[in-house]
Structures are given as structure tokens and as C-alpha cells.
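Multiple structures follow.
Two complexes are shown next, each including chain A; its partner changes from chain B in the first to chain C in the second.
Now for the complex of A and B:
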């Protein structure tokens, strides 16, 4: 009897802990969402009345709209470039027993261990010195540098988890290397590509420390505009923008989950 | 049931990626007849466009592209590209302006290049060794909640004594905020008999006040402290106080302490090798009409002597002669020591 009482108590504590944890995680986000519907001209909680005026403000403030377009272009562009470079690299390196392969893999993942502001600052001076300057191209290159590890890491992990015998069987049946890649390897590593692309896209879309150094009138990203706005204005439009971003992230995850299954992607099988 | 397909998703991603690459040709530098100018975000950007960009474009027929961001970002870009700066006009805080002048990154201002410079008090240009000038300023003083502080302090000394006595909770700028060594440490030390070389009066005051003080990390935090009731009073900027009042927070007010608060200014500079058209833009920035428009939109005073403020603004604005221009160069030399001492003695 006392065993069951202990069991119930333990379960109750665990449940309480889990609930407290989720409240701790979601409450600040919830407050931002609620604050975005305020009718007041400044952020205050609890809110005085309900209004959609700050969502309207997003569409009235042109730099928000322009920067959303730039952020999407950069995020898709950097993700596409990272796939072009990262997928062949991951396939070449993942199963190689060579010490060099391990060294190159570590090198490709190294941007993850560097503070992004250091990468941004260094990239600004390096790309300026080699003539790329402060431009869309420079921003795209710098973003690709930090997106690449996410593609390499997930694709390499997925590729290592697949049996070599599928490729061997295809080759024995007469497939050339390109056909093996297209019809066998690519379908097998697709969950890794999608997972890596998703991370890469989100890392680029939310990036501030790198984008900060490459802003030009036509290449300002959303986080740079949001920071600049927040520093000098205190209205709740940032909360409204954050609510929209949250909604987009949820919609994106639901779409990807329905197409591929997030569980499958995170397990890498 | 879903209308989305993997192939469709990949194709869409590919198309958008291609669209990103299609943007590559946009990387070319600004065309002739175009300049790149700078603005802080939000209402600041709107004021720059209305007060400076529109009259400049009307007058010259040229185009001024506005770059949002912050002074350290713009100066980094100029420093990385000194021969072909991507920005033609930068706005900077005086400490950074002095650094840029020392690094020889910016041009010297003269009345021949900028005729309206003649109407800017010489102090604002001389402070930057002639390599730029201050075009607007604010004063850091005492902002308080009128509902909870019925009898506000009139001086820094009064503020310190009554905070120490527990009459209210004060919100002060924390050490993570870049301007704190100027707007709080130097200004308060000076008001209490100290100087750049003698910061002790500030730390003595902090020791007395510490238990009744909380800190803000960014200007918006201060307003949150007051609106949530966590604090009743604090050290803050006049212009931001008036902007809050205009946004509906009519329960706050501002006092320039009798000893004089610190001037927190913004300067304009032209990077070396930037387009000559930039001088025309700077001249428009410093004209009485543009300056007045800017002051009306931002609730911060401007520096052109010919500007006549409407009564409601004249009542709010602190004349620069009643505040103190910080000795930025001297403060820069001892700043690290002050921060270290703050971390050891004040914390938070």
C-alpha cells in the first residue's frame, strides 16, 4: 500500500514539475502574444483593451515589409547554397575512415563553436578586403557560412544511418553513380536534408549578429530592423510582429510534420 | 488530404533560392546622384525621411537612401571600406564621433562646404575637432511618476538623499547600458562635487542609495519599471519622457536637476571619400526648417540657433547652456576603471 502511495506521490511531483516547466517556458511567450493585442500605445500587462492596431502597424511601416522580403530571400538563398555545398561534402565525408575526413568535417562544423558576432565582424572586414564589400552577396556568403554546419551535420548523420548495401545493390543492377545518388541515396537522406534545411532556414531568418554588419538600404533583414525599432520606439508593434513570426513558425512546422514527420527527421532514420 | 507535396515544397524552396541569387546584381554601389544616409529605427526613421530626406530630394533632385541600424554598425562598415565607404552620411554619438575623427575616417566640416554650420554653436563642432557637428541633443535628468512622487527632487543631491532615505524606489541605468558612465556616473559625480578625476562622490552616493535602487538595461525597461510600479523615479532622458507623455503616459514628468544634467547628443559626420553630394544633405539637416521639423517629430531639441520652437516645445526643451557637455575623451580614458569599480562595489 505504502509503495503505491509513494508511487502516486512521485507521479504527482513529476506531473507538477512538468506543468511548472511548461508554464515557465510558455508564459513569457503568452504575455508577448497577449500584449500584441493591446489598444495602448505602449507595452503594459495586463492590457487595458483589445485592438488589432499593432498588426496594422506592421503593414504600414515599410521597413518591416521590405526587411521580411530580404530575410526570406537570404534564408532561402543561404539554405540552397548550404545544400549545394553541404550535401556532397557530407556524403563524401560521412563514411570515410580517413583522419583527414574527420578533420575536414570538424572544420565544416567549426562555425557552430564561434560567437556569431565574431564571424560577422571578421566577415565584414574580410569580404570588404576581397572586394565583395557590404552587399547582398556578402550577406548571403556570411549567412551560408553559419547555415552550412546544420546541413552537413544532419545529412551526414542520416547518411551514416543508412545501409551501404542499398547503393551496392543498385550498382550491381547496373546503375551508374549519378543514378545511385538520384534514385537511392537522395531518397534515403531526404529526411536529413529537410531537417537540416529547416534548421538552416530558421538560423538564417532569426540571425542578428551577422546581418547587423552587412546592412544596406536594400539588404536590411528583419531582426536588424526590429532591433533598431525597439531601441528607439516603445510601441507594441514588435510584440505583434513576434506573434506573427510565432504563427509562421508553427504553420511551417505543421507543414513539415505532415510531409515528413518531425519525429522521423529528429531521429535521423 | 493535404495539398502540400514534398516535390512542391522542394520546388518552391528552389524557386525562392533562385530568386535570392537573382538579387545578386543589386549589389552594385549607389548610382551617381544617389547617396546613402543613416537613421535609427521607428519614429526616428520617419523623422529623418520627413525632415531631411524629402527636402534634400526636392532641392537637389538626387536620391537619399535611408539605412537603418546603429552607429557602431555604420562605423564598422566605413572602417572596413575606407576608400569606398558604403555610407555617405553617418549619425553617431559624440564618443564614437571623436574616435572616428582620431582614426581619420571622416572629413572636416567648414562653412564653405556646409553654410548652415554658421548657425550651429561652435562648441558643438569644436567638441569633435571640427570633424562633424552635433545636430540634436537630449538631457539626462530626473523622470518620475506624478502619481506616486508628489514632491519631486529638484537636484541630484536631493534625489540621492531621498532615495537613500527610502522615500521611493529609483530606477537607474545599469552598467550594461553604454551611456551609463556619462549620463549617470559622470553627471552625478560632477553634481556632487566630483569630476572625471574624482568619481568617489558617485560611488559614495550609490552606497547610500543601493538598497532602494533597481537598474534598467535599456530605455524601454525604465518605462516598464515605472508603469508596473516597480520604481517611482529614476534617471532618464527628457525626449523619451515627452515621447511617452505624447503616447498617452501623462502620469510621468521630467526635471532637469538644478546642477544640470548631462547632454546626450547625436552628431553628423561625412566619411572620407564619401560622395560630395553628402555635404548638400548635411546642409539640409542643419537648416532651421529641417531642424524644427525634426524637433517637432522627435521631441528632442536641435542645435541651430535660428530655430524658433512653438510654445509647447519651448516649455519642454532644456537649453543646452543649462546642461553639461560631457568630456568624452577624458571619460574614455577612465571608463574601464569605472566599470571595474562598479562591478566590485555596486553589482547588479
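Now for the complex of A and C:
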């Protein structure tokens, strides 16, 4: 019945606009994926031939490998640390109606709203002054400040969405608070923990503004190495590395989505 | 229910404390320390506001502040203009496509900032995708477009990263609008355009507000795009980056950081007020 209404002009223009919008959104990303399979030693169009040589180059260039190891350790470490201190806080604050709890929540989420370059710059000087210096530990701490909000936010949103009655039933049946947490709350909020951890991991792995300030051998993360590589060379290994990174992020997202449904979590609050 | 009132307050405090203290030690204190560095004299003795005076009177810094605000404002306005129709389509017309649209919106957030800026370079280089297409394949142009290193490309790159936040903010509010209000307006004789401008748009103004503050806030602090795409803009974050790298004038860099921080705090405050108003409505 709505066939003729569907053909109206306004709707057609709007649809065309949305299509153009997604071309704009995907073009700069898609082009890098295409460029990563070139066999030329610089990116130029049309692509002269296809090869995987730039993917091999990733595994031959030692600074890439070293920095990937650093980035993985930092991203895992900062996510784990954020879970350790963030999950209890999220649970304690999520359901409280008091103004004070919501103030503390705002405080815990506030690093999200501060310019990263300011956080990185300030952390570098402060951590040097208190003796942590430019080190792996310092970088781990700085990353944790920006990862923590992602854990707190997703876990709190998930916990808010679960029914209180499960915990009450467990408590009535004689479970102590620790048992309630372990056997009831934790399984209920696991989707939030997994999704929050994925975001936190990706945010840390991709972070440049903070990591940049901790640029010393041993603390060079992948984005920092890629940035300095790009300043001197324009070869497609950057494209190959980016493509690989995107692939891993999509795989992560799909897994989390299959397990728990990502739209529930992102649109949750 | 025995465990109510008395023990819950200390337990709640205990559970929150590690996170609260962690941020106090490694987020708040560094920022305070940074603020102090901006007002301590170069020799370490006494307090001076000379750097702030310099920042607000020196033509070089004033230009930088103006460029920072202009860039963020331009990006925000463009995000609203582009993001609103997309959000509207997502909520009203997408139907079974909405999953795909949300995925396409979130996908860029999964890419690294390096990948996105590299993508713009590859697209617009002299022998990049666009120029090859326009000059060689289609023959529309005689000479390649010079897009790299222009402020326009920087704005496009910023919009590209930030517009998903705008779309999601507006879509969230549009979703909550009672369709009957629009239907009533049309029954009373308003055309579709008039219904949109007098009913839908005013009702979704909070979504535009939330999205705008978010976009403005993030745009204000970004510098990686500017480092890689140039464009001749010298915004505050870029100057902080350069001052750290080359000039090593840490006092001045702290002063600029503190100004950026204050702007971010104002944005955060406005955001909270909007959210609260939304919650009560």
C-alpha cells in the first residue's frame, strides 16, 4: 500500500544523501585496504599489481614487531587494571539514586571529556616528578586513566539493566555478599565487562596523544612508531598494518556481538 | 534484606575507593600540577600570570586561539548539517537497514587515527585515487587537484571521525519523539516541511546540543590529524605538541593545556546540564 508513497521526491533525496554520506565515511578507509595489497613501493593509482609483500614487510621490520608487543602489553594491562578497580565501583554506583553517587560517577567518567594531549602532557611531568619517570609503568598508568571510564560506563549500564530480584533471592537463600557477587552479579554483567574490555583495549591500542609523550625505547607503542614512520616514508606497509588492525578490531566486535549483541550495549545509555 | 542501610554505605565507599583514588592520584593531581606549572616563574620562585597575559595579548597566540575555535565550530556546524538527515533517516526510514547503518557508523571508530589520515593522503595525493580518476580516467581536469595541506581537508577529516557521535546523539532524541505530535500538526494542515521545522526540529534540539558539545569538545583537543594533514592551521593542541617537541617551552605548553582544560570543563558542565534537563523532561 505504501508503494507510491515510497517514491516521493523528498524521500529519494534523503536516501541519496545517506548513500553519499556512507561513501564519504567508507572511502578513506576502503582505499587504505585496497592500497595495502599493491606490489608497488609507493601508493599510486591505478594499482599496478597485487601482492602481499607489504604484509610480509610488517613482520620483517623490527620496530613494528617491538612496538606491537609493547602496545599489546599496555592494552591488556590497562584493561585488566581498569576492570580490577572499575567493576567494583560501577556496581557500587550504578543503582544508587543519590546525588553523590551520580557525582562520583561523573568524576569517574570525566577523563573521557578531557583533551588527551593535556592528559598525556600533564601525566608525563607528574609521573616523572613522583619517580615513575618515562617507563612502561608510567605508560600503563596513563593509559589506565582513559580506559577506566569505558569499563565503568559499560558495566554500570549493564548492571542497571539486570533485575535486582536475582541478588535478593540469592541473599534470602543465605548467600553472603561475596557469593552473591561471584555467582549472581558477575555472570549477569559479563556482557558489559566483555564489551567494555573490548572498547578499552581498542582505545588503548590506538592511543597516540598520550603514548606520544612517553616516547622512549621500550615504551614506543605501535601508533607512535607508525606516526614517525609516516613522517619519513610513504610506503604501503602503513596501509598493510592498518588493514590488519582493522581486521582484528572487526573480528573482536563480531565475536562480542555474536556472544552478547553489541547494539544493546552501545545504545544502552 | 538485613544488609540494608547500615553496612551498605561503607561497603559502597570501599568498592568505589580504589577507582576514585587512582584517578585522584594519576589524573587530577597531574592536571593540578600542570596548572601550577603555568603560573610558577621560570626560576621556580614566585607566581606569575605573565604567560596568560602573553597568551591573551600576543598576536601569534591569539591567532592560534581563534583558529582552534573556528576549526572546532566549523566542524561542529558541518556535523549537525550532515548528521541530522542521516539520524532522521536512521530513525524514520531505515527499517531493516538500521543494523547496517549503525555498523557503518561505528566501523570508522574501529580504525586507527593513523589509518584514517593515511586514507585521506592516499585519496588526494597527486597520483592518488581521486586525482587519477579525475585527470586520467575521466579527463575532467587537466591538472591534479591540490587538496592535501589545505584547511578544507582537515575539516573533512575531523567531520569524518566525529559525525558518528552527532548522528547517534540526534538519533537517540529523535527516537523518543512522540509521532502523534507530528501527525497532529499535519492533520491541522501543516505541510511536511513546516511540520519538520516547527515540530520535529524544536523537539530534537537537545540531541543537537549534546552532539554539538561532544563534537566541539573532541575537535578542540585533537592534534594528530593536524600533524599529518597540515593545512597551515596552528591550533592550541598543535602548538602544545610543537612546544613539547622543538621549542621545549614547557611553561607555555602548560598554560595552553590549562586553557584547553578549562574549555573542556565548560563543555562538560554544559553537557551535564543538558543531560539532566533531558532526564527531567
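As a working rule, the second predicted complex is superposed on the first by the 244 of 269 C-alpha atoms of A that agree within 3 Å, B and C clash if a C-alpha of one lies under 4 Å from a C-alpha of the other, contacts with A are read in each partner's own complex, and residues count from 1 in each chain.
Quick note on the criterion: a contact is a pair of C-beta atoms (placed from the backbone, for glycine too) under 8 Å apart; a residue touches a chain by one contact, two chains touch by 3 or more.
In this text the structure is predicted, and so the values were computed from the model without any measurement.
Partners chain B and chain C, brought together by superposition on chain A, clash.
Look at A:213: by the touch rule set out above, it reaches both chain B and chain C. When both complexes are overlaid on chain A, the residue A:121 reaches chain B and chain C alike. Of the two partner chains placed by superposition, A:147 touches none, neither chain B nor chain C. Contact with chain B, but none with chain C, is seen for A:76 once the two complexes are overlaid on the shared chain.
By the document's definition of touching, of the two partners only chain B reaches A:233; chain C does not.
More residues of chain A are touched by C (comparison of chain B with chain C). Of the two partner chains placed by the overlay, chain B and chain C both lie in contact with A:44. Clashing C-alpha atoms between chain B and chain C appear in just one of the listed stretches 21-29, 147-155 or 219-227, and that stretch is 219-227.
Residue overlap on chain A between the chain B contacts of one complex and the chain C contacts of the other covers 43-44, 121, 125, 129, 212-213, 227, 230, 234. Chain B meets chain A in the complex at residues 2, 4-6, 9, 13-14, 16-21, 23-24, 26-27, 29, 36, 40-45, 65-70, 73, 76-77, 80-81, 84, 86, 218-220, 223-224, 227-228, 243-244, 247-249. The touching residues of chain A, when paired with chain B in their complex, are 40-44, 63, 72-74, 76-81, 121, 124-125, 128-129, 132-138, 140, 190, 197, 212-213, 215-220, 224-225, 227-235, 255, 258-260. Contacts from chain C toward chain A in the complex involve residues 1, 3, 11-13, 15-16, 18-20, 22-23, 26-27, 29-31, 33-34, 37, 82, 85-86, 88-89, 93, 99, 101-102, 104-108, 110-116, 118-123, 125, 127-129, 132-133, 157, 160, 163-164, 168, 172, 192, 217, 220-224, 227-228, 237, 240-241, 244, 250, 253-254, 257, 260-261, 264, 267-268, 271-272. Those residues of chain A that touch chain C in the shared complex are 10-11, 14-15, 17-18, 21-22, 24-29, 31-32, 35, 43-46, 84-86, 88-89, 91-93, 96, 101, 104, 106-108, 110-111, 113-119, 121-123, 125-127, 129, 141-142, 144-145, 148, 152, 168, 171, 177, 202, 206, 208-209, 212-213, 223, 226-227, 230, 234, 238-239, 242-243, 245-246, 249-250, 253, 263, 266-267.
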